[in-house]
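Following this line, the structures themselves.
Common to both upcoming complexes is chain A, partnered first by chain B, then by chain C.
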Partner chain A sequence: MSETGQPATPVATQSPPATHSIPSTTEKSQGSSVNSQVSQTSAKSKNSPKSQTIQFVSFISRNDKPLYIQSFGLVSSTSSESDSSSSPSFDAENANKFLKYNFLSHMALDIFSSPASLSMREQQSHSAEAASGVLLLFIQDEIAVYGYETNNGLKVVVGISNSPSISESNSHRNIKNLFLDIQKCYLRTICNPFNNLGSDVDINENETILQTPTFDTNIKRIVNRWNEL
Partner chain B sequence: MTEDILDTQSYVNNSCLQLLLQELVPTSIRVSHRLHDSTSTTGASLANSTEPTQADTQLSSVRNDLPGTVNVLESSLLNNDEVTLRIETYGYSLGLKLAEVLLYKNTTSGTKLVDILDIMKFVCRDVWKCLYNKQMDNLRTNHRGTFVLVDNNYKLIQKLNSPKGIHDTLAKSRVYLWLPCGIIRGILSSFGIESNVTAEITSFPAVTFNIHTGINN
Partner chain C sequence: MSKSSRYNGEDIWKNSVEKINSELFTLTYGSVVAQLCRDFGNNYNEVNNQLDKMGYNIGLRLIEEFLAKTGVRRCSTFRETAEIISKVGFKIFLNITPTIENWSSDGKSCSLIIIEPNPLTEFVELPIVGDPKINKELWYSQILCGVLRGALQMVQLDVEVGFVKDALRGDDRTEMRLKLNRVLKDEIPAGED
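Up next, the complex of A and B:
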């Protein structure tokens, strides 16, 4: 290992395992720790500290009803095969994380409708900045929560760990593109002709319209692609 | 990533829309007839669904309703509530999805739509331009929730003509207007606004849409 690899290791082990700089959806074998060191060094050498990973994505309807939430970077068990008898501590940690993300999404709702953010969005729409519409809502527990509201009232909330040390327009544009991709994914699901969207018969159907495995995989694909950028 | 259709396509395909309309109304009438007949009499002997349809197969109980003819529009159920409701419901689901997609396209350009007047302007300008490549000609409001939209040359019906004369044309075109009524109602509903949309032909082919909402501004 090179010199720059050594100081990186203690930092990596101190932070919670879920926030490794690589998407931790793959199994944690011996090789992955080596990978993380290598990617840290390569990141440092390229001088582009894009060590952010998306922790969760959630959708909230215009009536402030939660529509969907998916979390990433949950801790997986150490064995490579899917192990149904994973230790209870892992499950508890996953459950805690999931609950935390739910809470963060609810907190985001308050900020969305607060007058401060409304005026901030007003300013953004006047200035022709590329990142209009996307707001950094708040930072809590090392997770930066961004929000975006469509014209229709749909709110998309994304939590990103390791808040960026730099806030140049480059990263803003990336986040805006991320929200646009997520919105496109949502549009595709809405336009599915097999969905009973908006039928007066079954109001409850509107709330579960996004709970499909295809939507899960699509969102996951967007997230992974953004994490690798 | 390859070109996304949501980013490139900006108009509704006119041929598709015309074909949809052509099929929508007769199918609704035939469905109503089928439901009607199965409840009242003891099942009229319509074509068995497993046999292939031939040129002389009766498609419904309307007289002379053969494939490729428009005799189905002579049906007495033409302006039946059930038929119009079905057509309007198709328009409603279309409108819901159309609103979402069009608003996605407008994120970069347009400002946010804050009140109902902005939404109506959005309908007149963007939606109509996307569907029929022209904008609505006139928008009036009484500022108490009622809007009147006027299209002086409505594309969907301007080519309709009946050999029996203008009255027949008017009577039959009226059915087709339920689709755009549903579209407008769907768009408003995607903003959370309940509304009631009707259309009338003032002087062919000019069409007036009356929209009643519960909003007071």
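Up next, the complex of A and C:
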């Protein structure tokens, strides 16, 4: 279970359904970032100066077909008070969140193809911005949704829980790197020769090709690494 | 001797070897293996045999190129042979240097350990979910065994090469066992006396 969304202590499960505790301290001192990397066991949301956690990652094909979605930071019943049946409120909450992320991904599609964003992207490609290609699509429900379209038309959508202090260019570069890592991970999985593709299914539309546990763990690893930065 | 051959390998790789894109190579080999699996209906023992045969044919011709590029002279012991294989042979064709370990007491067999990343297996995951026995039967890089067998046969060494461990199967490393059966004397072709 990714640590980022998990409450630090059992007591915190009663906290409001924000998927993580946005700490009141948002100082981005370099010292504390070093500490947070060293102390792996401490709750990331408390010590990490960035306080931005990735909530979901989804892939959509060039024909707007959803290929994959993984969400992070779902609240789970803590192991210390584990009972065999997790309480129904947690399940409902997780289901709601998951549904919300699905909706956010679909909303992202509209923005991708809207004329406003197309012109925005053209603008960005003119200004030699390092973060060309990555768009902040919209902010909804405390989640900032970023989108990236690869040359092939594959769309990657990432939702990041909003942090009050986002410094523009720095976080843009980080997010761009995040998208590149995710794209590399996607490429590794696609290139597996044992994909058992039927010859009539276009690889860009194949819905099951990403549903492997290895892909899940790789994406999770990327997300965890980014969350720790 | 070992230092000079390592130097040779690196030098030759840098200077006189035509290179291709490693991803192209990896993907091509992957397609070959995947297609073989489909053609033989998941009979992985047969796939292994085919890969070995292909490797054998490659090895017969590869040795000429190897000797032409390196000008290595006849080795006096099998140990030398193994060292040349790993430090020069693998280096100039695949740009990897397997390590040699586990010499048997008679000096006739050893293990070649291929260090990750293995260029043949860069993106590969065996589809265990689809077909669990693939993990137990398929040796993905079997073509390398055939190459060694074919190449060494042309220099009058009859060897047996096979895989013992494979990182793709979940083992900790990729290990080939190389065993010298005998040194071939030049035989008079059958039919003549």
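The definition used in the following text is that the second predicted complex is superposed on the first by the 165 of 229 C-alpha atoms of A that agree within 3 Å, B and C clash if a C-alpha of one lies under 4 Å from a C-alpha of the other, contacts with A are read in each partner's own complex, and residues count from 1 in each chain.
Following the convention adopted for this analysis, a residue touches a chain if its C-beta (ideal position, glycine included) is under 8 Å from a C-beta of that chain, and two chains touch if they have at least 3 such contacts.
Since this is a predicted model, take the numbers as computed values, not measurements.
Looking at the shared chain after the overlay, A:229 reaches neither chain B nor chain C. When the shared chain is aligned, chain C comes close enough to touch A:194, but chain B does not.
By the touch criterion defined above, A:120 lies against neither chain B nor chain C after alignment on the C-alpha atoms of chain A. Considering which of chain B and chain C touches more of chain A, the answer is B. By the touch criterion defined above, A:139 reaches neither chain B nor chain C. In the superposition on chain A, contact is made by A:212 with chain C only, not with chain B. In the overlay built on the shared chain, the residue A:99 is in contact with neither chain B nor chain C.
On chain A, the surface touched by chain B in one complex and the surface touched by chain C in the other have residues 188, 191 in common. Contact residues on chain B toward chain A in their complex (touch as defined above): 4, 6, 92-93, 96-97, 99-101, 103-104, 106-107, 110-113, 186, 189-192. Listed in rising order, the residues of chain C touching chain A in the complex are 23, 26-27, 30-31, 33-34, 37, 122-127, 129-130.
Across the complex, chain C is touched by residues 188-189, 191-196, 212, 214 of chain A. Residues 62-63, 125, 133, 150-153, 180, 183-184, 187-188, 190-191, 197-199 of chain A touch chain B in their complex.
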